[in-house]
Structures are given as C-alpha cells and as structure tokens.
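Both complexes shown next keep subunit A, but they swap its partner, so subunit B is in the first and subunit C is in the second.
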Partner chain A sequence: MTDDHISDERTSTEPLLAVDGLRVHVRTERETIRAVDGVSFELCRGETVCLIGESGSGKSVTCESLTRLVPEPPFEIVGGCVEFEGRDLFAADTGRCRRVRGDRIAHVFQNPQSALDPVYTVGEQLIETIEIHEDVPKTNARDRAIGLLRQVGIPRPADRIDDYPHEFSGGMCQRVAIAIALTAEPDLVVADEPTTAVDVTVQARLIELLREVTDGGTSLLVVTHDLRVAAALADRLLVMYGGTIVERGPIEELFERPAHPYTQALFESYAGRSAGSDRTARGDVPADGCRFRSECPHAVEACSDGEQPPFYAVGDDSDRRASCVHYGPGNDPGAVLEAGATIAEAEGSDD
Partner chain B sequence: MSAGDDPQRFEDVDWTELERSRRTVTPARAVFVAGLALFGALLALQAAAVVPNWGFDHLDWITALGALVVLSFGVVPALEHHALARRVLRELLSRPLRGAAAVFLGVFAIVAALGPVVLGSPDLAFEHRFHAPYGFTGADRWHAECLGDIVEGEGITRYCEGTLQYPLGTNERGHPMGHLLVEGASVTLTVLVFTAAFVVPLATAVGVLAGVRGGAVDDLLMSYVDVQLCVPAIVAFFIGYMYWNVSLALLLVTFGLLSWGGIARLVRSETLQRRDDGYVLIARSLGGSWTYVAKRHVVPNITNTLVPAAFHLLALLVLVEAGVAFLGFHHVELYSWGSTVQEGLDPEFAGIGLEMQPHEIWWVSTFPALALTLTIASLKLIGDGLRDALDPRL
Partner chain C sequence: MTERFPKGDAEADRAGASDTNSPLLEVDGLETHFPITTRWLRREVGRIRAVDGVSFAIDRGEAFGLVGESGSGKTTAAHSILGLEEPTGGAVRFDGQLVDELTGWELQQFRRRAQLVVQNPDDAFNPRLPVGKSVAEPLALHGMDDEERRRAIVADLLERVGLEATDANRFPHEFSGGEKQRLSIARALVVNPDLIVADEPTSALDGRVKADVLSLLDELRREFDIAVLCISHDIDVVRRFCDRVGVMYLGELVERGETEAVLESPAHPYTRVLIGSIPSLDPSDRSLVRPLTETVPAPSDPPSGCRFHPRCQELIPPTASLEREDWRAIARFRFALQEGTVPEPIAVDSGTRVDPETVRDAFDLPTDLPNEGIEDAVEAATRAVADGDLERARERLAESLSTVCERTQPEAGDECEHLVRCHRYDSTIEAEPIPWRG
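Now for the complex of A and B:
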C-alpha cells in the first residue's frame, strides 16, 4: 500500500463505516432491555474513534452488533443499518457477513486470557487464521505467523510459536489476539476494551501497538472507559450513555470543554472530585427523553420530552455536537458550557 | 495483497468454493463413504443370495456400521493428527495404572474382535462338563469322562483334576471357560462399539446444538431430554421383549438410545460456558460459522467433562448388558459374561439335575465376573486418563 494511496482514501468523502440508528434489544423472559437505542456514527479510513462511557452504556454491544456478532437470541438487532464501504451489512446474508468479518473488519476483545483457545498452540491458531484468509502453503503460513508474532512484539517468536496459551502472560495473549486480528490485513479493527484486563505497563505497550496498526492506514474503533487510553489513541470521541451517544467531537476540544452534562460528570469522576461525590448508585435509566436527565444538574422540563434530544452543534464548530436541549435553538448553553470548562481546568491542573 | 487496492476484493474470492475444497473431502469422510459402499455391496450380495447360507443379521450390521463410524471418525483422524495421538498415548501409558488399563483394553479389543472368528462357536461337550481349571480339582461325579487324574477324597468322594485341555475349566455344557470369556468379550465389544459410535456422538451433538443455538432449539431439545430421562430404559426393553425376539440389538437400542440424556445435559451446560469464551468470539469475529466454532473450539474444550462422562456411560452400558443377561433376558446363542456368571451361581437353574453348590464350580462365575470388573475399571481409568492427556494445561 503506497502512501499517496492512503491519503487518497483519507480525503475521500465516503466513510468506511456508517452506522445509522442502530437499535439492539436484549429479550429476557421478564423484560426487554434496550441495550443500544439509536446509535449513529461514521468512521473514515485511517481514523481512530473512541467510544467511551460507563459500564452498561452499550459500547460493547454496539461493536459486536456491527458485524452481527452478538448472539441472537438473546440479543436482537431491531433497527438501523450498518454500511461498510456503502454496502449494508445487515441486508447481507449471514455468509457474506461472515466473509466481511475477519477479512475486512477484525475484532480484538477484552479479557486476553480467554482470547486464545487453550487446547491449541499459539502457532496452530495463528496459522489456521492465515490459511483461511490467504491461500498459502503451510510452511509459508508458519513463517508469516512468526513474522506476525514479531510484529506485535513477542520475544523469540520462533521458539514461542509452539507454546500453549497458558504459557503466555495476559499481555502476550492480547498481543497474539491482535496479531490474529491483523492476519487478514483488515480495513477496520474494532477493539473492545483491549487494555482493560492488563496492568499499566502492558497497557502502554498495547496502546503503542494499536497506534502502529493505525499508522498503516487501518481504521480503529476503540471501546474504553479509560480516558487515558482514549487520549492516547483517538482522533475523535463518541460518548455513550444509556444506549445512546450523547456527545461527539474531536478529542482535543472535547477534553478541553466537555459540553454534555454526562460527559462533564464522566470527566469529573476521573478528576476524582465529583461535585456530588455522595451520589448514590442510579436506578433505572429512563427509556425516553434525555437518558441522563434524572442526574443532570442542568435538567429542565424539556429534557423529558420525546426521544433523546437531537445533536446540536456546540459553539461554531460543526464537528462538535451534543445531544442536550441546552444547545438547541433559542437556548443559552452558557451555564452548561461553563461547568465543563471548570472541570477540564481542574483536571488539567491535576496532571 | 493490499487491502485497499480493490474494495470488492472479498467478493471476488469465492469463499464458499474455497471452504468446500478445504472441508468436503477429508480422509475420515472418504473412509466412511468407502465403507458404506462396501456395506452396500455386501447387502446386495446377501439379498441376491450369491453365497448360500451366508448373511449378516441385524446385530452384525449394527456392529459393522458402528465399527465403521469409530474407524472413520475416531481412528482415521487420530492417524491424521498423529503427533497429538502419540502425545496422548504417551501420557496415558506414563502412569502405571492407566497404562495397564490401556493395555488391558487393547488386548481385550483384539481378542474380542478376532477371537470368535478364530475359535468359532463353542461346541457342546457334555461329557467334559464342569472340569476344574488347571491346578484345581472338581467333584468327579459330574462328568462322564475325567480328562485329568482322579484324586481320592474322603469317603466315596473322588475329585477330578483340571488339565491343560481346559486351562480355565468348563461349564455345564462343557464349553471351555476361556472360549466363553472370548465370546463374552465380543458381546461387550459390540456394546462398546455401539455406544461409542452412536450414543455418545448423539448425546454430544444434541448437547452442543442446544448449547450453541440456544433459544427455542435449546428449549425443545432439553424438554425432549427431560421426557426421555423419565422413561426407564428397562421398561422399554421389557415391552420390546414381549413383542419381539430377545436380542442384543433390542437391548442396545432401548438402553443405548434412552440413556444419553444425562450426557446431553452435561455437554449443553459446558457448551453454554464455552460459547461466551473469548476464543469463540474471536473465531466468529474472524468469520467462523457456528458449525466450525462448535467443531473446532467447543467440542475440544469440553472434553474434560465429556470424556469421563462418555467412558462412564460405556462402563454403565457394559454393566447393564451383563445385568440383563444375568437376569436371563439374553439371546441363548450369545454367551454374555452376565449369563455365564448366572450359570455359575445358580447351577440348579440350568436344569441339569445335579446337586451342587455355586462355590464348588467357582470358576464358572469368577472368571467372567473378573473380566467384567477389569473391563469396567479399565474403562473408568482410561476415561480419566484421556481427560488428563487431552488437556494441555495439565
């Protein structure tokens, strides 16, 4: 892949991945949980987008729904569409959907220790993936597997290739998982909390590795609840809450001035000085209106109307958008924005 | 191969074609199809009665089919993955007890498979009945002809010494015990082959299917298993016994096909745990179908539950067969270990008009009972041994 080829694609207007109004429900015997409730976003070639939000906000389900990986049942994709290079993945039959998986869109998951099958050697698992995705003879596949292991930074790959996963550390397993994801040279890597289950030093190396991946022109969608990971990797941020995206924008501006009250609360919790630190655990997230209204310090009557508010531009920047009525026409977002600035400042001085 | 050159690249590659060439013709399937063709030819020969007075009965066909299944989907893959097979075998033999069990079962299988072919059906030899094993003596009044030396005992009692012609003694029909053990082993092997070829795969398939698919499929299959677990196999067997000729085939079908519910449940619960494991998710995220994931990742990872349970079922069905034969519900021409034990324990029941105590003809019941015990113990030991050997973490 040549350099101008990448830049060519980067400037192309058509996004690599376009998600529109994705809705995923979980049907249990007692109730239906709206795990993802109208998520829309786009991802361009070579871009890294971070999906942040607290546990249970629907980040992982969103990622796994892109290629219909979520088990159906109990999950059910009830609406929306996912377009990959302009093609609707949900309209495709399962066979084509499977072909897109791995070959074009690869996943990296949380919990590296269970990422590899304990009954096969690391090499067997890598070689099999290589053989499926590329028609190469066995010896070449083995060389390629060793090369991939070296690429992701496994020391002495030629010796370690015949080891079983339990002989690898968690961080090494995650590296192998990344290597497996990279075998088919995908256009998009979806990494679901890739650094959560490993310690900080390994985290740093994994982040470096993921950065190298994107340097090659691959797009990256990272799910995390760790703002440091987001800061290290992302071009853009999507903030999720209660199954919906509440704020989106380029990372620097979003960090500098979080606009949505939920984003502010999230950043505040990182700064370790939550205004309402005595806040109790929340009850149910409402299923209509602004999902955050019951905890929002700026909540007004309009928040409970209709669906999650549409995205309003924050300030003059068209890339910055927040799903909050205060940014709507005729409202003055000054007070809310001010609160965001204070948090960002407090956090900044902390570092 | 550049990903960006042509966005349609993944559509250009005919993946179904590629997958088919990778998967359709495997050595296991080739052997299976070849075997089926051979059976078809034999069936045609039998139907055309080319060779007079020759033919297989139901049991022979079932056994042959079972053996073919075991050969093509057990032995052939093991030869294919010979490195793994060698490792498992080495680990199995490295522990003395398990090694002994493996050797015993190996010898058992060879003897059971070839013994009846070499020895043929045992002949009636009433004049040689109740000969004691070599080195022991039995009361002389039982036989018409004593082959060994006659030893004088107290009073009028005379004893006949065992000879090398019948090293393990004979029963009330003059059948050599060694020969009866071989016949019993062949019956047991039939039970084992049937269970391993049909019952265990059925239980595994149902369990994995229910666990992987979930939802309505799971509900349906597991409700069926619940219903099946409520039907006592022995009742089904006796109902069949009333209407059809008693045969080993009837026993295998009723007990075999009604006894796998427990394993299916076990496999299902294990599968439910495995299907959420990271490697299953990764395999699917790389484009693996559920069938592929089930075969490649789920089944190998549930072996530490499945293998001991399957071997337990094998042992159980061997015992059930012996038990039913012990009760007398067996085909007279099949010399099951169970029926031989019964003959030895209840000599008067055999209707030969001789008064004797079971301990006086101890060899008739002891040898088959010993063979049964050793077989069952070996099966259980091998089950545990295989589980440990198959798990690379141990």
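Now for the complex of A and C:
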C-alpha cells in the first residue's frame, strides 16, 4: 500500500524493529480473510508504540505474526518482512527466529493464565525460563527468580515463589507473566491487551510497571483497544482498522487532533453520553479502496479507487500520517481536521 | 413498535391505584452473606460478607449504576435483588411490595417485569436454536401461546434493536458479539419489563460497538420508560449511561449520588482512588492515584471500622498535630507491615539484617515528629523491623497509632450533599473533608 513508510519514520537511529508490508490471511472453510493487509511500521530502541484498534482490526494477529506465534494454519503469513536489528526474521531459519523470539522479543498476553502453567509453581516456571536463557546453577537461578518477582512488585517474593499460579490474583499473575517475559532481558516486549482483564486500580499499577520496564531501555509494543491505556503509555500511536494502519503519529498531537475519520469515530465513542450512532449493526469492510468508506462521514468518490489510500502528511507535522484521500495533494483537509479537533475537545471536557 | 407483551389487568389496576411517587425498586439494608463451612460437619466457621447493608432506590425510567471492583459485591447485590441469590438480610421492594413475600401470579409478574441482561450473551442463547426462538422464549414462559403473535413481536423487536426481522431464523454463531448483545436486549424487552438489570452489559465489547450498544440501551429505556440497574466496573459506561451511581467497596455502599457529582467531584476516599486510577485521555497527564496500600482485604475478614482504612490516603490521624504527609508515611508504614509488603532493600523474608536508618529511608519515614508517643512508636517499630521482628513492629504501631477510622464504622456523613460513608464528612468527628485533587 505504501512505499514511503521507512522514510516517514524517525530515522535518526536505526530501528529496532521494522515491519514492512506484512500480510496475513486466515483460511476458513468458506472464505479467506485478509486479517492483516499490508502493515508497515518501525519501532526504535526505548520507544513505546501503541497499536490501537477494535476487535477484528488485525492488531493482535499483527503482533503475533512478528515472531510467527500465530498458528499456521489457519493463519498464513502471505507477504511482507519483519526485520529485527536489520536481520530478516522471516528469511532466517526458524531456529534463529525462535531464538530471537525467546531472547530478544518477549510476549505478554491479556490472559496471564495462558503464559503460566497451572501445574507448576511460579518459581519452577521462572527458574526453567532462566535456565533456558543462561547457564546458571540452580541456587543462583532461584535467587534471580526471587529478584525478578521483586522487580515486578510481588510482595514477599521469597515466600511466594513456591506458590502456584492459582494462588495469585489476576493482577499478580500478570506481574509474574511480565517477570517471565523479562528473564532474558529482552530488547522488545510485545504486550497484547496486558491490562484488559484486571480492575482499574490493578491496571494503574500494571501501567506503572510497564513504564518502569521501558525506563530501563526496553522497547514496548502495546496492543490495546483502550484509548486511555494508549494515552497512559505510548510515545507513538498506530491506529488500525480493517487489517491496515490508517493513522500514525506522536501520541500528544494525535490525541489533540485525530486526523483520520476512523480515528475520529473511535474518539467519538469515548465522548459524552450517548453518541447517538445510527450506524447499522453490521458494517462490512470493503475489500478495496478505503476500508472505512462504508462508514465514513467524509467519503467521496475517490475513496473507492484502487487500494487503501497511501499515507499523506497531516498538516505541517512531519511525523503524522493519515491514510485518507483528503490529505492527498491538491485536497483541502480543513473540514476533516476541524471535525477531529471538535471531537477531541468534547472528549477532553468529559474527562 | 406495533405490539408488545400486554400488561395484565390486575397490574393495570394497581398501576392506576399505586402511589406513583414511590420508587420502582427499593433496596433497604440488603445483606447477602455466604457461610464458610467445614467440609465434614458443615459447621459454619465464618461468613463471606459479599453484600453487607446496601441501600438505594431506583425510580421508574431511571438508570442507576452500581460500580466497584471485583470482590465489591456488586454482582451479588444484583442477583440478590432478582432473587437469583437469597439475601440473608434487608428488604427489596418492587412497586412497594416486598419481593420475598411474592407468590404465585405476583411472583410471575415480578419475574416478567424485572429482566436480566448478562455480560456474555453466549450464556443466554442456545447454540442449536434459531435466535428468534430464544428471543421469544420469555413470551412463551409468561403464557403467550399464540405463535404468530410471538413471531410478530420478535420481528418487530429485532428491527428495533438494529437487526433485521429475518435474523430470527439465524443461529447464534452467525452473529458478532455486539449483535448478540443486541439480541439479549431484545430478549429482555420482549416481555415489556419495567426494570432491566444489566450486569456488565458491554464488558465483552470494545470501541464503537460498545458505544453503540450503550446508546441503544439508552434510547430504549427512554422510549419505553424502563428503569435500568447497570452493574459495571467501567466508569466510562456509568458516566455515559447512568443518572445516579452507587460505589461499592467490600460489600458496602460507600458513596451514592448523581453521576456527575460522584464522578466529577468524588467525595469518598475510595471513589477518589477508583476515579484517579483511570488513565486520563490527555496524554500529557499521566498521573495515577495510588491507595495507601495495594492489597484488597478478603470479604470474609473485612477490616474493622471503616473497611477502607488500611488503604485510605485520607485516614484520620490520632492527633491533629501531625502534618498530612508525615502521617501518611507513618500510616503506610504501619499497613504495609500489616499486609506484609516490605519494600526493597528490607527483604525480611530472606533473613538479611538491615539498620534502622535503611528502614526509615525505605518507607520515607519522617523524623522529629511533634508528638512524642508517635515518635517513640515509629522509632521502636523501625528497630523491630531492622531486627526482622515484623510482629513486634506491627503491635507497637497498632498500639500507638489507633485512629477513629479503624475503631468506628462510618455513618452517612452530614457534610456532603449526597451519601458518603466516611468519618471526614461527619460533623461530630474532628476531621475535615479534604478537597478533591487538593
């Protein structure tokens, strides 16, 4: 869909992760769904990027495809490449991919239970992970496991290390899962809805914990449907809709004035009481042209041409891009931008 | 809507005669305790006080939100109101009548007039039945035998909730999560209820689908003048949807009032923690409020006095001479020891000895306190912790730092426009409310 994605990122430092034109299909008996349809982005060292979208936008599949965690089949990575520190993760033999996946890129999921085995104590699981990654004697591994538990804020870690996952609350389980993710001191943590299953007071602590992780220099890719979580964590935001990224930019500018009509619709769903939508319940995503056009209040004829529109710069802001024809050359995006500012203001006053 | 479930004659009578000023639902001191029994003799050894004296009323057509975190008892409260769980105390009145005294036809009417919408619509639909049949089920259950009429009502309702009449012939798996929730709303509406109890109605949904389902529910309740009791952990849902809100903590209702008043200027320290934990939509404001300590006590063994006291940032000091920040540090020290969370580098569990100074630093404990008794207690406790004797430290602090918050259960305070159960709003207690974000 776009060729200028590399140049439109900050290129001052070499990116840690570069995703280019990623395409993932899901084959079912009846049809083939283009779950991820040409996704490109970069992530720098120490940076926190949020991939935001609703269920079915393809955000989770994108993240799980980076390290080929998606089950193939039914998923199939049909195109694109993922580079980690300049090395092609897809071209590399699977052994190396696995090593990078385990050592350098760690995953944290919405449901920590999926990362923890109920029949082993958290200590056994942590120690096992430690021993996979480094050659250490058992007692040192245990000390290191206790240290990791303390680092992620488990009270009385030396007492708790021999407990089973079910003896921990949901929030504490997620901390343990983060501890396991941190054992190999990864360069990148990919967290998929890491705070969705917990209460807000627990979420607040997990957000602080994730901030600590990035303060230590680790990069973070957070997948979320929650604008608030994005606002709390991200340096940059990627907005995903219908398998593609439709808007990207630094968090503060983007929140101040969402540019893409889809992003605006997402913000609107947070605004005041009863957004009064008359959208039909069943919105199908078109297969060509702008994926959002059947729901877009700003749609024009050009929106159904060809593929998803390329990324155009939003205003004078060199870091911001929207995949919408109104930002294209010769068009005046004034009305669309204005709508974004109004929505952001309404949502802000409600906060 | 052309046709709905007909109201019974007796009911229409009563509606004419009944005092329309009385609320539709009145919950008075509701209490639902679960016994903890031994496995062998089933002897009761304790009680989980899931709901412990909750009161509120909902008017006809009003939306009332009950918020709280897991373990707060909000869902048990909702279930107790509907009779799905048997209350152990208090009274629930529907249209002025005690619900637990209803029998026969009246009980049936109550079951028709008060409908439940659950979080996960999958639980509400039989996967092998066309959804039209499931939506019509309550009609048949309440005695509508005419299948043609049932079909017509369902077709009508499906369109009203944003689906199509022909959808009645499709099966649950053919619908998205949002559509399924629309179906369960249709199913609740089909018997023409006066009250819908919506238990986390949008928790399984996100983004615009969630907003749409909420808007739909809002439209419908206004159109048909249905009261809604909305149980949610999601403050955004309550803010958008509810006229009034009650906040629950460990089985008790700690604050209750107009949504705007409670959410925009929360009075109770727990409500403040709840609201302050929600990340702002302004990315330049990344502050998050913290309670004094993290651990939520078990509802089987709630703290004495005010149940929130070991976590309360606004805990009332034993003497007015203490600076707020100093007192907070001391209280945090005390309750952190009580819950067993000791910060680095005092890893008491690993047996490492530290010196008292390290303990003071780790807890940011103030020195030169104006009150000698407290100064001594903190000093002694610091030494005890340094020696690894947490028990002695705990006792020493509990002895000298006793606060009214742990001794007396707070009543509704008279220094706030709406209900707040906190001593700071009680004019007979010598402690002033602290301004929100003050």
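Here, the second predicted complex is superposed on the first by the 331 of 351 C-alpha atoms of A that agree within 3 Å, B and C clash if a C-alpha of one lies under 4 Å from a C-alpha of the other, contacts with A are read in each partner's own complex, and residues count from 1 in each chain.
One rule holds in what follows: a contact is a pair of C-beta atoms (placed from the backbone, for glycine too) under 8 Å apart; a residue touches a chain by one contact, two chains touch by 3 or more.
Note that this is a predicted model, so its numbers are computed, not measured.
J.: So if we stack both complexes on subunit A, do subunit B and subunit C clash, or do they fit?
T.: Partners fit side by side after overlay.
J.: Roughly how many degrees, to the nearest 10, is the angle at subunit A when you join its Cα centre to the Cα centres of subunit B and subunit C?
T.: Angle at the centre of subunit A: 80 degrees.
J.: When the two structures are overlaid on chain A, which partner does A:177 contact: first (subunit B), second (subunit C), both, or neither?
T.: Only subunit B; A:177 stays clear of subunit C.
J.: Between subunit B (first) and subunit C (second), which does A:103 come into contact with in this model arrangement: first, second, both, or neither?
T.: first
J.: Output check: A:69 vs subunit B and subunit C. Expected answer is one of first, second, both, neither. What do you get?
T.: first
J.: Is A:150 contacted by the first partner subunit B, the second partner subunit C, both or neither?
T.: second
J.: Taking the superposition as given, does A:116 touch the first partner, subunit B, the second, subunit C, both, or neither?
T.: First partner only, subunit B.
J.: Looking at A:42 after the superposition, I want to know if it touches subunit B, subunit C, both of them or none. Which is it: first, second, both, neither?
T.: neither
J.: Measuring by CA atoms in the overlay, how small does the subunit B-subunit C distance get, in Å?
T.: Minimum C-alpha separation, subunit B to subunit C, in the superposed model is 14 Å.
J.: Considering the complex alone, what residue numbers of subunit A touch subunit B?
T.: 1, 5-6, 9, 45, 64, 67, 69, 71, 73-74, 85, 95-96, 98-104, 106-107, 109-120, 125, 129, 132-135, 164, 166, 177, 180-181, 184-187, 217
J.: Which bits of subunit C are touching subunit A when the two form their complex?
T.: Interface residues on subunit C, with respect to subunit A: 69-70, 162-163, 176-179, 182, 205-212, 214-215, 218-219, 233, 235-236, 239-241, 273-274, 277-284, 286, 288-291, 294-295, 339-342, 344, 347, 349-350.
J.: Along subunit B, where are the residues that touch subunit A in the complex?
T.: Checking each residue of subunit B against subunit A gives 1-5, 7, 10-11, 15-16, 18, 22, 214-215, 275, 277-279, 281-289, 297, 300-301, 303, 390-393.
J.: Hey, which residues of subunit A end up touching subunit C in the complex?
T.: Where subunit A meets subunit C, its residues are 53-55, 146, 150, 155-159, 170, 199-205, 207-208, 225-232, 234, 251-252, 255, 265-266, 268-270, 272-277, 279-282, 347-348, 350-351.
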